[in-house]
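You will see subunit A twice below: alongside subunit B first, and alongside subunit C after that.
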Partner chain A sequence: MEPSVATPPPGRPPAAPPRGKAPTGAVEGSATWSVLDRLGLAFCWALGLLFCAIAVAIVVYLFLQGVKFLKLDQLTTPAATGFSETQTGGFSDALVGTLIVATMGIALALPTGIAIAVWLVEYGRPAALARVTELTIEAIAGIPSIVLALFGTVIFSSTALGFLSRSNEGVVFGRSFFAAAAMLSLVALPLVVASTRQGLESIPRHVREASYAVGKTKAATVRRILLPTARPQVATGMILGLGRIIGDTAIILVLLGATQNFAPVEGAVFPFDYLRGAGTTLTNFVYEASPTGNLNQPQKAYAAAFVLLLMVLGLNAAADLVHRRARKAGTWSH
Partner chain B sequence: MESLSAPPPIRRLDPQDPPPAREVGPGATTNGNGGAAPARGGFTAAKRRVAAPRFSIRRMEVDEVSIHYGAKAAVKGVSLPIRQGEVLALIGPSGCGKTTLLRSLNRLTELTAAARLSGSIRLDDVDIRLIEPTLLRRRVTMVFQQPNPFPMSVFDNIAYVLREQGSRRTKKKALAPRVHSALQRAGLFEEVKDNLSHPALKLSGGQQQRLCIARALAAEPEVLLLDEPCSALDPQSTAVIEDLIVKLRDDVAVVIVTHNLQQAYRIADHVAFMYLGDLVEYNSATRLFNAPAEERTREYVSGAFG
Partner chain C sequence: MEGEFHPEYGPKWSDQRVERLLGALVVFVVGLLLAMIAVVVARAWPSFAHNGLAWFGAGGDVDDQLNAISLSGQNGLDYVWTFHAWPLIWSTILITGGAVVCGLVSALFVSVFIVEFAPTWMSNVLQPVVRFLASVPSVIYGLLGVLVLVPFIGNHLVTEPEKASVAGVISLTGYSLLAAVIVLTIMIAPLMVSIFSDGLRAVKPGWVEGSLALGVNRWRTTWKIAVRAARPAIVAGTVLAVARAIGESVMLAMISGSVGFPPNPADGLIFIYEPSRPLAPTIVKNVDQLSSKPANATLFAIAAVLLFSAALCSLAGWIARRAMRKYGAA
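== the complex of A and B ==
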C-alpha cells in the first residue's frame, strides 16, 4: 500500500521520507499546540492512565489474593459453624445461590426487557403510553436497590404471595429466592431495555421498509430481521444486567434472608423447597466474611470475591464473542 | 454514472450564467454548458440502451393522486399509467414528490402516520386501498436507494421472502429452485452460486443491490419500484443494473426514481418530470429529453435548475 503523505504546499519540493524507517504518513504533533491545549492533553493522558492503573490494580490484587486463598474444596463445601477457619467450610451454597438468582433474575428481565424495547421502538403507540413507559423504566433504573428490596418485602409478605416463600400459620416470611430474583430482575431490566433499544434504533429505517416492501408484517420483521440484527446489543444488555444482579448485596440481605446456607422449606417439592426458602450469595458471603461481617475471615472473602470477579470477566468475554460474530456477518455501508 | 463510452456528466449552471439560449430539439446539443459547445454532449450523444418496447400492458393507473404530510402537499393531483413492457422513470429535483409518489404505489407511505392520500391508484383495475397491504406489497415490490440485504446468508435473504411471514418451516431444499431462479433473474446467480451460505452483507455494493432486486423479484411481483437504485453504486455496477432493469421490463412493470438524467434517458421508455409536487410533463423519453413540451422540463433537463 502506498503510504499516505500530506500534499506539500506549492513551491516546495515534497520532503523525502526519512531513511531507514518506513514512512508512516503525516501525523499531527502536539508540538505546535498552545500551552493550554498541551496541558489539557497531558491531563487527559494522566486521567486515562490513572483509571487503567486502578482497574489493573484491582484485578491483579484480587487475582493474587484469590490464587493464594482460594481452595477448590471451598467451592464444594457449604459454610458451617465452627471455631477456626478450617472448621467453617467453604461457600458452595453462596456460589450456587448466586447462580440461582442470576438465572432466575435474567430469565424474568430478558424477555420482559426485550418486549418493552421492541414495543417502544417498533410500535410506541399511543405516544403518551410510550412516554410513560419510558419514564417508568428510567425511574426504576434510578431507584437504589435497597429501596427496591424494602418494597419487595411489602409485596412478598402479603398473604396472597405466601406460596413464594416460607409461611407459617398465615404469617408469610416474604424472603426467598423467588422474592429476591423478582426484585433483582427490576435491577437488570432497565439495562436490557436500554441496550436492546439502542440495538433496534441503530438499524436503518430502510431495512425495515425493505422487509415490509416484500409483504412482511411488523411481527415477522421484528422476529426474523430486527431482533437477530440487534442480538449483540441484547447480549450486552443481558451481560450488564447479569453483572448487576450477581453484584447486588442489598436485595440479597433484605429479601433472601442472608442465611449462611440454604434453608429449604420442609415438605415442598424440589426445587420449590429451595426456591421458596432463604439462602445466600457470593456478595453476601463476601460481606459476612469481610472484617465488618459476622464471620470475619478476610481470606475467604478474597477467595469468594475472586470467584465473583472470574464470573464477571467470563460474562464480558461472552459478550465480546457475540459482538465479534456479529462483525463477521457485516453491516450496512453507512 | 458513466459507463465506458459515457458522455460527460450533466453540469449545473452557476446562477449568474445566462440560461442556455440554444434551441432544443432533435439533434440539438443540450449539454447545459452555457454556450461553450463541445463536439459531443447532451442527450443526443447519450446512448439509448433500449430498443423500443415490444408491447405494453397497463398494470397500474395513478389517478389524480395527491399526498399531504399534515398541511404540506407532497404530490398534487398526479395521473400516470404504469405499464408492463416499459420502464417509467420519475425525475425531478429533490423534494419534488417523486419518491413519495413511488412509495404510495405499494402503500409504504402509510407507515408515516401523517401521510394522507386522495385520488386513487389502481392495480389491474382494483383500488390498492382495497388490497390488504401485505398482499399488495408482494405484487408491488420495492428496491431502495441504499443496498439493504438482510444480515443473513444470500440464500436466506431470498428464502425469507418466499416463506410465510416469520415462519421457517419450509425446508431449504424445497425453496432452492425458486431461490436460484430469483437470483438468475437478477443476474447474480453465476457470481454467488458457490457462496449461497455466505453473509449477504459481505457482497460488493453492486452485488448487494442485485440481491435486493432478486429479493424483490422473488415475490413474483407485477410491478417493481426502484428508488434511486444506483445512486450508491460505482459506474460499472450501475451499468450492470441498468442492463438488468431493461431486461426486466417485459416481465414486470418497472418504475424507477432517479436523479440521474442520463440514466433516465438511457433506460426509460416514458419519463415523468415532477416539480414541487406537480407532474409537469409525462412523455416518451426521447421527446421529453429532446423536445420537451414544457418550458420547465426544458430548463430542468438542460440543467438550469435542480
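== the complex of A and C ==
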C-alpha cells in the first residue's frame, strides 16, 4: 500500500511560524524606540482601553438603568394609552414582535443564503453571472436599510400582494409582519452568504473528490458532506443575521407600523391574522419611547433597551460558543 | 446494477436540476436588486425632473419645502415640487466625513494594536469588545446618545454666550454635529477594526521579518511594511464604513437635531454644536408622508441618492477586495 502523500489543503499556506508573538524574551521591547514611536504605542494603548471603557460603560449603564426601571410585568402586559408611565402598560407586544420578526426573517434568509453560497462555491457557472452575484450580495450588504424599507412599501402595497397585509376596498396597507420580515431577510442575507461561503471554501478539494469517487453526485455531496461540514459557519452566519434583524429599526418603522400593539386583521385564520397585521418590535418601542419619539417614556425605553441588549449579548455568546466548539472539533477553517 | 436504486441518483435531485434551481434563485436575487434600483429611480424621477440640478443645490428652508410638498399632495391642489436638498447633503457630508476620519484613525491604531503590539490577554479582551460594539443595535446607541450625550453637550460644553451668539439663527440644545459624529464613530470604528485586522494578519510574514532583520524596530516595521501591504483591506473597510455611515438613519434621526439647517463652519468652532439633519433621517422623519404623491417622489429621490452613493461604495470595496485576493490576502 502506498502511503498517502500529505498535501496541504488548498487555500492554506504551509504553516508559518506565528509572527509578532515570538518566543518570550525574544520580543523587542519598546525601550530602545524613539520617543515618537513610544508615543504612538501609548496612543494604541489609550485607544484600546478607550474601546474597552466604552463597551463597559454601555453595558454597565444600561444594566443599572434596566435593573432600576425594568418591571417583570412590563414583559407580560401590552402597551396601552394613558397619561403617566404607570398607566401605559409594558412592551410585551414589542417583545413577541421581535421574536416573530427574527424567526420569519431568518427562516427566509437562511435557505436563500445557503443556496446562493452553494451556487457560488460549487457551481458558479457562467463565470460572469458568478461575478455579478458576488457584486449583488456586496451591494445588498451596502444598501441602507431605509432604502430597502421604501422599496418594501412599493412591493407590498401592490394589489397582487394584498393577501400579505391589510387591504381595504382595494387599497393595500402594505404594512405587516410579512412585509417587514421579507425586507429584513435581505438585511441578514449577505451575512449568511458570506459566512457559509467561507465555510464551504475552507473545505479542501480532496473531500469533494473522495465523495465523487464513491459515486455521489455533486448535489448529494453538497447536501450530505459539504453543508454538514460547514455547519459551524452556517450557524455563525445565522447568528450574525439574527443580530442584524433584531437590531434593525428603519425597516420596522416603515413596514411594520406606527403602533405599539398587535393589530390583527379581522377574519383571517389564526397565525395569519397577526402576521398580516401591523405590529411593533423592541427597537421600534425604544425609538418611540425615547425623547425624540411619540411616546416619550425614557424609563420604559431604558427597560426595553436593556432587554434588547440582553438578546444581543446572548447572540454574541452563542456565536462565541459555536466558534469555540468548532475549533475543538477541528473543522477546516477554525 | 439495474435493480439497485440509490435515492440520490433519482431524477428528483439530479445534478442538472439542482444547478438550474440554484441558478434560478441567484438570478432572482440579482433581478430583485435591479428591480429595486429601477423602482427607486422611477419613483424618484418626478422630483428630479421638476427640480433639475437645483435639487442638489441650496435655497430656501428645506423643512418648509418638505411641508409644502406633502401638504400639496393631501389637499388635491397642484403639486408642489420645489426641493433644494443642500442642507441635508451638507449635513450628511459633515457627519459622515467626521465619523469616517475619526473612525479611520482610531480603527487603524486599534487594529495595529490588536494584531501586533497588545499582550495576548489584551487582544483577547479587545476582540470580543470590538465584536460587541459592532453588534449593538443603532437604536440603543441613539437612546444613549439622546439621554446621556446630548444633555451633557447641551448643559456643560455649550456655554451661554455661545448659545446667545447664534440665538437668532438656531438654538443650540446639545443635539449637534458633535454628538452625531461621536456616536457614529463608535458605531463604524469596530466595523473597520475587524476588516483592518484581517488584512494585517494576512500580510506575508517574510516581508515583515525582512524588515525586522534589517534592524528596523517593530513599530516602524508595522507602519512601513504591514500597514502598507494591508492597504486594500484598509480601503475596503473604510469604504464599507462610509456606506454604513451614509445609510445610518435611526440613530441620526434621534441625535442629529432634526432641523434642516446647514451647520456653518464660518460661525467658528461652535458650528460643531449646531444641529442638522442628514439625508437618511429625513426619510425616517417624513415616513408618514409617503401617501402624499409629491412627498413620496421626494423621499424616493433622497433614497435614490443614498442608493447611488451606497452602490458606489460597494463597487469600490468590491474592487479593492478583488485586488486583495490577487495578492493572496483575505
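The rule is short, and it goes like this: the second predicted complex is superposed on the first by the 297 of 334 C-alpha atoms of A that agree within 3 Å, B and C clash if a C-alpha of one lies under 4 Å from a C-alpha of the other, contacts with A are read in each partner's own complex, and residues count from 1 in each chain.
Keep in mind that, in the parts below, a residue touches a chain if its C-beta (ideal position, glycine included) is under 8 Å from a C-beta of that chain, and two chains touch if they have at least 3 such contacts.
Nothing here was measured: the structure is a model prediction, and the numbers come from that model.
Following the overlay on subunit A, a side-by-side fit with no clash is recorded for the pair subunit B and subunit C.
By the touch criterion defined above, A:A250 reaches subunit C but does not reach subunit B.
By the document's definition of touching, both partners, subunit B and subunit C, reach A:A220. In the superposition on chain A, A:A303 makes contact with neither subunit B nor subunit C. By the touch criterion defined above, A:V187 lies against neither subunit B nor subunit C after alignment on the C-alpha atoms of chain A. Once the two complexes are laid over each other on the shared chain, residue contacts for A:K328 go to subunit B alone; subunit C is not touched. When both complexes are overlaid on chain A, the residue A:V96 reaches neither subunit B nor subunit C.
Contacts of A:Y212 after superposition: subunit B is touched, whereas subunit C is not reached.
Of the two partner chains placed by superposition, only subunit C is touched by A:F43; subunit B is not.
More subunit A residues lie in contact with C than with the other chain of the pair subunit B and subunit C. In the superposition on chain A, A:P204 makes contact with subunit B only, while subunit C stays out of contact range. Closest contact between subunit B and subunit C, by C-alpha atoms in the overlaid model: 6 Å. Comparing the two interfaces of subunit A, the one with subunit B and the one with subunit C have residues 215-217, 219-220, 223-224 in common.
Against subunit A, in their complex, subunit C makes its touches with residues 6, 8-9, 13-15, 18-19, 22-23, 25-27, 29-30, 32-33, 36, 39-40, 43, 106, 109-110, 112-118, 120, 122, 125-126, 128-133, 135-140, 142-144, 146-148, 186, 189-190, 205, 208-209, 217-220, 240, 243-244, 246-250, 253-255, 258, 280, 283-284, 287-288, 290, 299-300, 303, 306-307, 310-311, 313-315, 317-318, 328.
Contact residues of subunit A toward subunit C in the complex are 13, 16-17, 19-21, 28, 30, 32-33, 37, 40-41, 43-45, 47-48, 50-52, 54-55, 58-59, 61-62, 112, 115-116, 118-120, 123, 125, 129, 132-148, 150-151, 153-154, 186, 189, 215-220, 222-224, 240, 243, 246-250, 253-254, 258, 283, 286-287, 290-292, 298, 301-302, 305, 308-309, 312-313, 315-316, 319-320. Partner subunit B is touched in their complex by these residues of subunit A: 204, 206-207, 209-217, 219-220, 223-225, 228-229, 328-334. The touching residues of subunit B, when paired with subunit A in their complex, are 106, 108, 111, 133-138, 141-142, 144-148, 150-152, 160-161, 165-166, 168, 199-202, 205, 212, 215-216, 218-219, 225, 232.
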